[in-house]
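In this document, chain identifiers A, B, C, D, E and F correspond to the written order of the chains, with residue numbering beginning at 1 in each.
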Amino acid sequence: MSHKTALFVGRFQPFHKGHLSVVKYLAFHYEKVVIGIGSAEDNYLPKNPFTAGERYEMIHRALEEEELNLSKIAIIPVRNINNYALWVRHVELMLPKFDVVYTGSSIVKRLFKDDRKYKVEEVKKKIMTSATKVRRKILECEKWEDLLPPATKNYLLSIKGDKRIRKIN
Amino acid sequence: MSHKTALFVGRFQPFHKGHLSVVKYLAFHYEKVVIGIGSAEDNYLPKNPFTAGERYEMIHRALEEEELNLSKIAIIPVRNINNYALWVRHVELMLPKFDVVYTGSSIVKRLFKDDRKYKVEEVKKKIMTSATKVRRKILECEKWEDLLPPATKNYLLSIKGDKRIRKIN
Amino acid sequence: MSHKTALFVGRFQPFHKGHLSVVKYLAFHYEKVVIGIGSAEDNYLPKNPFTAGERYEMIHRALEEEELNLSKIAIIPVRNINNYALWVRHVELMLPKFDVVYTGSSIVKRLFKDDRKYKVEEVKKKIMTSATKVRRKILECEKWEDLLPPATKNYLLSIKGDKRIRKIN
Amino acid sequence: MSHKTALFVGRFQPFHKGHLSVVKYLAFHYEKVVIGIGSAEDNYLPKNPFTAGERYEMIHRALEEEELNLSKIAIIPVRNINNYALWVRHVELMLPKFDVVYTGSSIVKRLFKDDRKYKVEEVKKKIMTSATKVRRKILECEKWEDLLPPATKNYLLSIKGDKRIRKIN
Amino acid sequence: MSHKTALFVGRFQPFHKGHLSVVKYLAFHYEKVVIGIGSAEDNYLPKNPFTAGERYEMIHRALEEEELNLSKIAIIPVRNINNYALWVRHVELMLPKFDVVYTGSSIVKRLFKDDRKYKVEEVKKKIMTSATKVRRKILECEKWEDLLPPATKNYLLSIKGDKRIRKIN
Amino acid sequence: MSHKTALFVGRFQPFHKGHLSVVKYLAFHYEKVVIGIGSAEDNYLPKNPFTAGERYEMIHRALEEEELNLSKIAIIPVRNINNYALWVRHVELMLPKFDVVYTGSSIVKRLFKDDRKYKVEEVKKKIMTSATKVRRKILECEKWEDLLPPATKNYLLSIKGDKRIRKIN
């Protein structure tokens, strides 16, 4: 295990099994894991239906259910700023120190690479694009429940997140 | 122990032994504790010398040193918004669900009280004002080291936080 | 007549006969009416061509022409804030007290419903979508004049609003 | 009576009898009056204790009590923007058209004068500074009730505005 | 030559030979030229890939290469503000005095025209749209190098701007 | 002469002979000079009376009068951002590349030092504090004219800057 801290950046709209498998991998290979909830102040939008607090609950409950060691995992919302090239520094200022960045977003990957201070690992697109798929399935009333960790699915239903997705589109 | 979540809101500039004793109390009496780092985007200012990430480290290291159960404590930066009366709702949207609010700030206390959704507990002023005292002592080169948990003190020195306080005033 | 205050939220780009019929209905059934001009700081954009001040004039002149009792109707611009879930509280802070919300926007309806403090009435889509139709007709130089109250139409022409719509698209 | 519209700009923290006498003067001499509630998004601060919505109520109830013709008076909150020299244009965009500006603020007076488009009238300092006096009296538990129009006083008490002023200072 | 100052407003994403020919024309016909780099805080976006500082370098190096008299040309970034109708005034406050406005943007043209203080000249669309063409050619790995002044092309390559455009799309 | 670019950061409220002597020194010792006008969006405030555009004129006219080589000196406004620790990166993104930073502000000095990428030179306090002195003298109607370069003084008088300082205090 590395004595390093991995940052996993995503929007988690919603947190799904693909995300969970990344967190499990990171929790196994790194001393500490920081999960940065991006676009934290976006919500009630077709691509960003859930608030940062709701996404915190979705992630936390899934990790608890999975019995991951929560004492080494931090979950922290990070808001967007309009000036993209400032965003890497903004993230550095708002989060505890990290060494490696994992992300499924090509723009986030590019920004951290151009900054040259961090090793950047791209999470396989196949996994990461499925949040879009989850939202689409919910919107079209297809079966989506198996794509989320059970605890996350239950939380989403408890806040009527499926209805919300259908109403705001 | 209550099955509730306590929110402890402060600026933690810096996190000191008074803050630590509050966290220990809350960790003992509540199922979960959320530490909200207020004024998260203020830094390098006389009253707010440290960044949110630095304050995260100050708090986290002190709790680790104290061997508190970190899996039930979340540390989350929360930025200010200019419209004060919106701030309570902003906090609700950015943090996981909480039931009781602890704070040493009379304005935060007032805002949560007027919102009527939360029980609000004021942390004794005597304890909470000492962050101002710590900054003043550092500024005037008096002895301040005993006022912080050892791990916090060491971190503050490692980032030359004492020098910073003297330069920006 | 109800002793309540109705809030009517819209962007009014521009204010048309459908909007006017809603205001007349509300003025008849409620003691007071607040017309909230949404997206108040958007202007000179294809979907938001007019400034808040211009929309105020469009509404006020139409109500005057209709001889509605202006002393019980308030017209107040409300700017957007990026964090949607904060918007309901933002509206509460900027406007006088209201009891019921009328809107043609499904997102506004959803936000107020999730807030659970207000009764929310959806204005029939058929009526409300016609602002889009008005802009499209102006853009394509079709006949649009009959869709607006005469006083609004005249004001729109006096500020060369039709030309503006064609130029900014 | 002039066929012009007078804009009266103030923060109205709170609206007092001095303000009311200005509104009465303007309602008598101008065809229309716009009352711009400045610093609309400031609240729960020692110099700005009340929200824009609360100040709207304070003004509206006083004018109603005074039986002024509310159909010719608009009350509209206007937020601050950080760039002062942009503020005049910001006001123009958010409000209906006006011709003359009345204010007790020397900075507002200066900004409108430098813009050269408006006649600017300074409201006598003696009257306007009394909002500060009202807040100070409330803070120090002196007799303040006679300084406000009765309806405003009652509203302020109903929202426990006197307590708020004492708590946030 | 006119004793006036011309303002040339564009986003310059990137600065190309069409832009350069406009600057040369203006440098010949006006006493002073101000080049306003619009959307200054947008970057790493498909339509705005380069930072304001990078665009400054692109322009400055091209003018130097062309041996234009740099002492009479100012290059100044201007950020966007969300309220479009405020933007003309914002530009006036941030730049030295100018008399005539040249732009390829129909919205910028419209805003300055409605303001009525400036003569506005539209730069021929044929020339100005080619920044979109340059970005598209880079994206699709077609030949684009001849569309930029050599010094600009070299700078763009030195910061790996071509790669960036392909990554962020 | 160094083949480097020096950045000189100040607020220049107003630009005075002390500032001018720094610019002359830098123009002599560096290949290029960038003058960053800080707090660009502050104006009509006691400590920041002049707009960025006005300060641009004050500086440009003084350099012209002094017959400095304007083709190697860039004058660029830079707005403040609330998050201080982001400001260095913000400056990097908005300005052309620079190597050394000169400033009279101890906070700016500290921020660039902590960033570790630049050599930072402090301009002697004695010189730099005199902008405060100039404003105070203007405010108190003492003799101030000799403290500014003649062209700057004339410009300040032409915009009635002395009156403005007296009105906004």
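Simple rule for what comes next: contacts are C-beta pairs under 8 Å (C-beta built on N, C-alpha and C of every residue); 3 or more make two chains touch, one makes a residue touch a chain.
None of these values were measured; they are calculated from a predicted model.
The set of chains in contact with chain B as well as chain F comprises A, D.
Pairs D-F and A-F differ in how many C-beta pairs touch across them, and the larger number is found at D-F.
As a whole-number value, the distance joining the C-alpha centres of chain C and chain E reads 37 Å.
Mean C-alpha positions place chain B and chain C at a centre distance of 43 Å.
Taking each chain's centre as the average of its CA atoms, chain C and chain D sit 25 Å apart.
Residues of chain B in contact with at least two other chains: 41, 43, 51, 83, 85, 93. Viewed as a contact network, the protein chains fit none of the simple shapes, being neither a path, a ring, a star nor fully connected. Taken together, the chain F residues at the contact with chain E in this complex read 40-41, 43, 51-53, 56-57, 60, 69-72, 74-77, 79, 92-97. Against chain F, in their complex, chain B makes its touches with residues 41-45, 51, 164, 167-168. Chain A makes touch with chain E in their complex at residues 82-85, 106-107, 109-111, 114. By the touch rule above, chain C contacts chain B in their complex via residues 83, 85-86, 89-90, 93.
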